[in-house]
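Following this message is one structure expressed as structure tokens.
In this document, chain identifiers A, B, C, D and E correspond to the written order of the chains, with residue numbering beginning at 1 in each.
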Amino acid sequence: MSKHKQAHNTHRRLLGASPGTLTYVGRAVSFATQIKLIEYNAAEVNISQIPASQQLRDLSFDPQKMYWLNVDGIHEPEVVATVGEVFQLHPLLLEDVMNTHQKPKFEYFDTGKQLFFTFKMIEYNKQTQSLEIEHLNIILAQNCVISFQEERKRDIFEPIIARLLASAGKTRKNGADYLFYALIDLVVDHYFSILDCISEHIERLEEAIINAKEPQAMHQLYGIKREILQMKKVVFPLREMISVLLREEYPMLSDNTSLYMRDVQDHISQIIENIDSYRELVASLMDLHLSQVSNKMNNIMQFLTVISVIFMPLTFIAGIYGMNFDEMPELHWHYGYPAVWGIMLALVLGMAWLFKRKGWL
Amino acid sequence: MSKHKQAHNTHRRLLGASPGTLTYVGRAVSFATQIKLIEYNAAEVNISQIPASQQLRDLSFDPQKMYWLNVDGIHEPEVVATVGEVFQLHPLLLEDVMNTHQKPKFEYFDTGKQLFFTFKMIEYNKQTQSLEIEHLNIILAQNCVISFQEERKRDIFEPIIARLLASAGKTRKNGADYLFYALIDLVVDHYFSILDCISEHIERLEEAIINAKEPQAMHQLYGIKREILQMKKVVFPLREMISVLLREEYPMLSDNTSLYMRDVQDHISQIIENIDSYRELVASLMDLHLSQVSNKMNNIMQFLTVISVIFMPLTFIAGIYGMNFDEMPELHWHYGYPAVWGIMLALVLGMAWLFKRKGWL
Amino acid sequence: MSKHKQAHNTHRRLLGASPGTLTYVGRAVSFATQIKLIEYNAAEVNISQIPASQQLRDLSFDPQKMYWLNVDGIHEPEVVATVGEVFQLHPLLLEDVMNTHQKPKFEYFDTGKQLFFTFKMIEYNKQTQSLEIEHLNIILAQNCVISFQEERKRDIFEPIIARLLASAGKTRKNGADYLFYALIDLVVDHYFSILDCISEHIERLEEAIINAKEPQAMHQLYGIKREILQMKKVVFPLREMISVLLREEYPMLSDNTSLYMRDVQDHISQIIENIDSYRELVASLMDLHLSQVSNKMNNIMQFLTVISVIFMPLTFIAGIYGMNFDEMPELHWHYGYPAVWGIMLALVLGMAWLFKRKGWL
Amino acid sequence: MSKHKQAHNTHRRLLGASPGTLTYVGRAVSFATQIKLIEYNAAEVNISQIPASQQLRDLSFDPQKMYWLNVDGIHEPEVVATVGEVFQLHPLLLEDVMNTHQKPKFEYFDTGKQLFFTFKMIEYNKQTQSLEIEHLNIILAQNCVISFQEERKRDIFEPIIARLLASAGKTRKNGADYLFYALIDLVVDHYFSILDCISEHIERLEEAIINAKEPQAMHQLYGIKREILQMKKVVFPLREMISVLLREEYPMLSDNTSLYMRDVQDHISQIIENIDSYRELVASLMDLHLSQVSNKMNNIMQFLTVISVIFMPLTFIAGIYGMNFDEMPELHWHYGYPAVWGIMLALVLGMAWLFKRKGWL
Amino acid sequence: MSKHKQAHNTHRRLLGASPGTLTYVGRAVSFATQIKLIEYNAAEVNISQIPASQQLRDLSFDPQKMYWLNVDGIHEPEVVATVGEVFQLHPLLLEDVMNTHQKPKFEYFDTGKQLFFTFKMIEYNKQTQSLEIEHLNIILAQNCVISFQEERKRDIFEPIIARLLASAGKTRKNGADYLFYALIDLVVDHYFSILDCISEHIERLEEAIINAKEPQAMHQLYGIKREILQMKKVVFPLREMISVLLREEYPMLSDNTSLYMRDVQDHISQIIENIDSYRELVASLMDLHLSQVSNKMNNIMQFLTVISVIFMPLTFIAGIYGMNFDEMPELHWHYGYPAVWGIMLALVLGMAWLFKRKGWL
């Protein structure tokens, strides 16, 4: 709950503060930023940890190689500023990197010939049973990719590093733009697994609702709806971003990679269609659940009515012969008592027949 | 239920696996792929089974003839890869062929001058009372059509093979593009029969709901809504696909076939309109059903109220004269007992009149 | 009900049958097709019945005159085929003529310089209280209009024939294109009368619902909604059709007639706006009706509660003094019995005051 | 109610009648048409009544002056025809003038260089508590404005006549196009006052609903929704009309007046936004009201339940000791009777505590 | 409540009054207008109060400096008119400045080379718990910004004045266009804080509703919905305004400022997305709340039913043995009384078991 709340306060800096000041906006974190540099080409791969951001200034870059600088942690302004200085990144870009509330956005900076992609990783936290959203930034320059991750605990780009190390496959043979694509593709692939979680949850609920075994169905449906809204916020801007990316030609993006990007675009639109159909399913499930609640109410009322209607006349008859009038001839009949029982039995049978006909029994 | 679930996990390959690897994504199947080659022109038709995919390499193609290669089964990577090799298909195309979760898509591969259509066959399974969706792929090259089907049990293209064999009709006289059209047209025609199923189901429910004879109406309406959502997912992309196909000119597509394609487009938009109107009907039927549930509740409550209101005062009166006070003059009157009965009768008549006026009886 | 069902099965031919085969698709009918030829110009009019379609081949057409061939009945393939042959109509056009499930469509056949309009006539059947939809086809060639009607019983073009005969008015002075317009205009005018029916029905219901006198309101609202959906299906495509017609210039359509066509377009958009506003009204009426059902329930419950709350304590008191304890001093008081009556009266008055304050009485 | 009904029958002429016949379509009226001619320029103003339409033929127009012909009453075909003749108006234009069901429309007649604006005046009738819609037509020719009003009772253009007479202000200094603008502006200004009425009504209802003091809330909300639908029908086409008017250049419309027209357009879009937000408010109020009805039901049920649950056990206990068994030891105990009262008191207290905990008391 | 009402009456002037008259439209206020002139460049800043608007005429402007004239109070026509005269503002612009009901609008006045931005400040009033909307106007001329604020109490531009005074930062180094941007940016930043308020409110409600602790949930949800509607009205037009501003090139707007404006546009679209997702959340919360009200009703009914069903048969049995028949053998049995208690106990246990199975206990 508190996460949602936090998601909006202080959207990028203090009210009235001058634009362009580098400030971290997001959850309070305290770990030290970790910088990793991967240098590769088809022939070799080399990974090095960079202990302090100051050492970045000493690096020299070989135009024959590809470079991938991965920064885990965006909360230290001096680190981000140093990276920005070394790679000549625009101040507005750095501001977006450090603002975890920035919505997904694509920008091209003409001066540095840089493509800037800021978007979100989603992960399902099984413990809190909620979606966790992580702020991601990827910058593509000529032979170099820079990625900024919010968290250090899980390195979501691990599989790609493994692929780079494993063999001289596509990723190593192609340029930095292919790596750029591979990173985006990985994140979009992750979205599918979130969809799977949501889909499974919907199905479990569906079964529970159909069997009327889930008293908290509305809460859960509401929870799914919130997750869908969260995903929508993350995924919808991506569609636009990639179509803008593909609409124009950029020097650092090869035709081949554009083809692969089109594939990513395809997947995003598939995700969006699924999101839409899940929304409709959830709405239908709500209707189904509410109709079942109504049905249950009907059954309760019906039961109460059957019982009341049977016992009220019987109790009335018993009351009649409990009266103390001096002259009540029935009381002195020899078969009076069994006769009353007979009448009562007849009444019960009559009403049972009536309820049968009404379909209440 | 389990089908729906399966429809989303592992959307095309393992998370983080390198793109472009040929992997079958779909239901587990075990039959052997079956390959059929139909060679035809206006003069003659020749059908041959190809027992092993390796034999495809030995085939030679006569440019004066049309060829239709139909592959039943897309789960064996080596078969798909061999077909791809022989006909020079793009790796991304083959990946889509083997991915049963791929959403409908049209692509033109400029290098091979191939049109690629991937879409879905829908069939209504009467036993499970659910829609079954089959992944279909059709590729059109110069004088050759290649079709991939997911299942082997039912050959949905049977009627077209029969037509080819039967007589030297339109299909045989025209080029491969006409065959390409005929296959798509057949699948779209199948959609109409699914619409008929849905329409019939809606009507049956409509009658049942109007006569208030279907206690499970909501479940069934929910089921129809799910089917409509499934159809929408299959049919909506087709509209766009065919309009993209018709927007540009392709060397292997004759003007005449384009005219027929426009006819298919027309049918698809008719299907989409029907889907939309079914959705509205289902929503209205839900309202109608819920209003009937409310009405039933009202009737039950009314009945309970009538009975309670009649017997409560009577029982009260009987209770009064069951009291044991020493001095209750009514008890000793000669006509006390009949008088009480009289009062009670008057009360019942009065209340009956009241309920009559309220319209409750 | 059965009409709706029929509206979808076998949308144009048998599944898998070769496209282009002339088959009648629609309700089973058995009357003989009737063909009427009207030959006119400003100076004279001449109507002749053509008993057998074969005689059409013997006709010769004078380019100085206008011809209107009206065919009542589209179920005989040989008749339709003969007309198609004589006037050189495209096979796809003839297929659409014979398919009563074809949705409204406009097409221009460049080879024959023919405009083809297929659309629907709607009539309100007062007996079955449902809309009846008839398939109509109008073809405009140079100096000639061909119209196909599904039914023979009612000739909806009667008023235009009467106008042609009556005087040398606009219709006779202008070319065949004006007649083409006049036929379409007549059908669109009919739509307004259907709107009137629906509007009247809505108003009657509105009054009944406001006065809470219509227990079957939901059924009727559902019926209206279905009628609105049917009209929508018929009218919506027309808007697009006429705007396509007006977007380009056709040799057989004069500027003057285009101006009149624009008037028709105007009316269609007025009809569509009305349809939309009726849909909203119907939705609001449903809300109103459901709220009244709720109110009625509230009233019933309130009544039951008032009665129960009044009689339960009274019955309890009566029960107390019906107990048989040896020592119950009240029973032996001289004014015990009247005192109990007094207490009961006080209770009733107290509760009446309470209910008054709560606004329940 | 009857007004709404009337609004649709016979939309412009008898079914099947020839187009272009001048017929009045609308409410039956019987007053005589009144024609007023205002002749003005910056220097002088001159108002004259024209008793019979025939006298219009005798008028001569000075190109140095502006003319405003205002016709009150559109039900006399001969008057409208005479005006049309004198000012050379197109027959289709005259047909629209006389058809009160014509939806708002803008047209430019190239032959006569006339701008034709047909739209609606709305007035709130406090007596019937409903909106009254009046058909208005304004034609702008070179130095001349012709206006047709449906009603004679209220002259809505009174303030403008007063302004013309009062001083040589903007209206008199500018051309006829400025007068044309001023008339439209006045009508749009009137719409704002209708919005005020609706807004006030919504607020009154809002307060009543929040305080749960309006049992007829649904009826009133339904009434407002109808009014909003009516306004929408009148105002929505205006937006399009004025944007079409401004898109092209017309000889009789000065740049200055176009600027003012843009202002009117601005107001119309403000009205449309308000209409939309009122619709949402009304929908929310319905939800609020229905939730209150539910709450009331809950309270009633709760009250009934509390009373039943308290008295049922008490009555049962009293019933036990009213039994006539020979051996019921409690009956002979000395403190039996007070003990029963004690048990009953304990029961009541216990249940009161239970209901307190459940929050029902 | 009364604020909403006031928001619509007399939208800009008296009905029928001549357009272009300067009249204040808004809440009645009585303070004196306050005028402040800030003169600055990178080197120095100078703030001066201008006690009477007449003194504005005596000012001389140095083209090497930037000027910011801030007017607090728009209710005095003579002040606004004087400012308009001195800075040569268009009369229509001044009319919009004085009309607090004017919806947000952007205009470019070609004659004076002025950009005119009229929009709204929103502030959350914690006391009345409602949004307060203030009318703002900003005009950008060559080296000069003029701002008009509705209120004098709070000066919302205070932080920017402070920044100007504090140091020779960006705002002072850049031209008047940057100041223009900074003012707009500040207002948009304020919107985020309103979003935070709404978001917090939604979350508090969410928690209360999930725990079923908020009986007034519907009122509060309705209140939030109204606030969202108000924000929408204020923010939606801004998106269009800024995109119009950025679409064309204006002489007084530097490329650098355009880049910053694009950033503002980005924020506005983020706000709009949030507004949309809040609307959906509120709708879902309503559903959740209504379902809980239903559940509560079900529980109450269930409880009533359980109690009634238990006590009705017991009371009936007690009634039986309270009858006074002469011959009722059970009454004389030695263990008659304990047997009755036994039967009753058995009944209660039986029913308890039944309710257990039904899941009602």
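Here is the rule we use: contacts are C-beta pairs under 8 Å (C-beta built on N, C-alpha and C of every residue); 3 or more make two chains touch, one makes a residue touch a chain.
Not measured: the values here are computed from a predicted model.
Copies chain B and chain E of the same sequence differ by a rotation of 145 degrees once their CA atoms are superposed, given in steps of 5.
Distance from the chain A centre to the chain B centre is 27 Å, each centre being the mean of its Cα atoms. For the pair chain B and chain D, the distance between mean C-alpha positions equals 44 Å.
Shared interface positions of chain C, i.e. residues touching 2 or more other chains, are given as 294, 297, 301, 304, 308, 312, 315, 319, 322-324, 328.
From chain C, with the walk directed at chain D, the chains encountered around the ring are C, D, E, A, B. Remark: chain A residues 158-160, 162-163, 169-171, 182, 185-186, 189-190, 192-193, 195-196, 199-200, 203, 206-207, 210, 259-260, 263, 266-267, 269-270, 273-274, 277, 280-281, 284-285, 287-288, 291-292, 294-295, 297-298, 301-302, 304-305, 308-309, 312-313, 315-316, 319-320, 322-328, 360 touch chain B in the complex. Put simply, chain C touches chain B in their complex at residues 1, 4-5, 7-9, 11, 15-20, 92, 103, 105, 215, 218-219, 222, 225-226, 229, 232-233, 286, 289-290, 293-294, 296-297, 300-301, 303-304, 307-308, 311-312, 314-315, 318-319, 321-324, 328, 330-332, 334, 336-337, 340.
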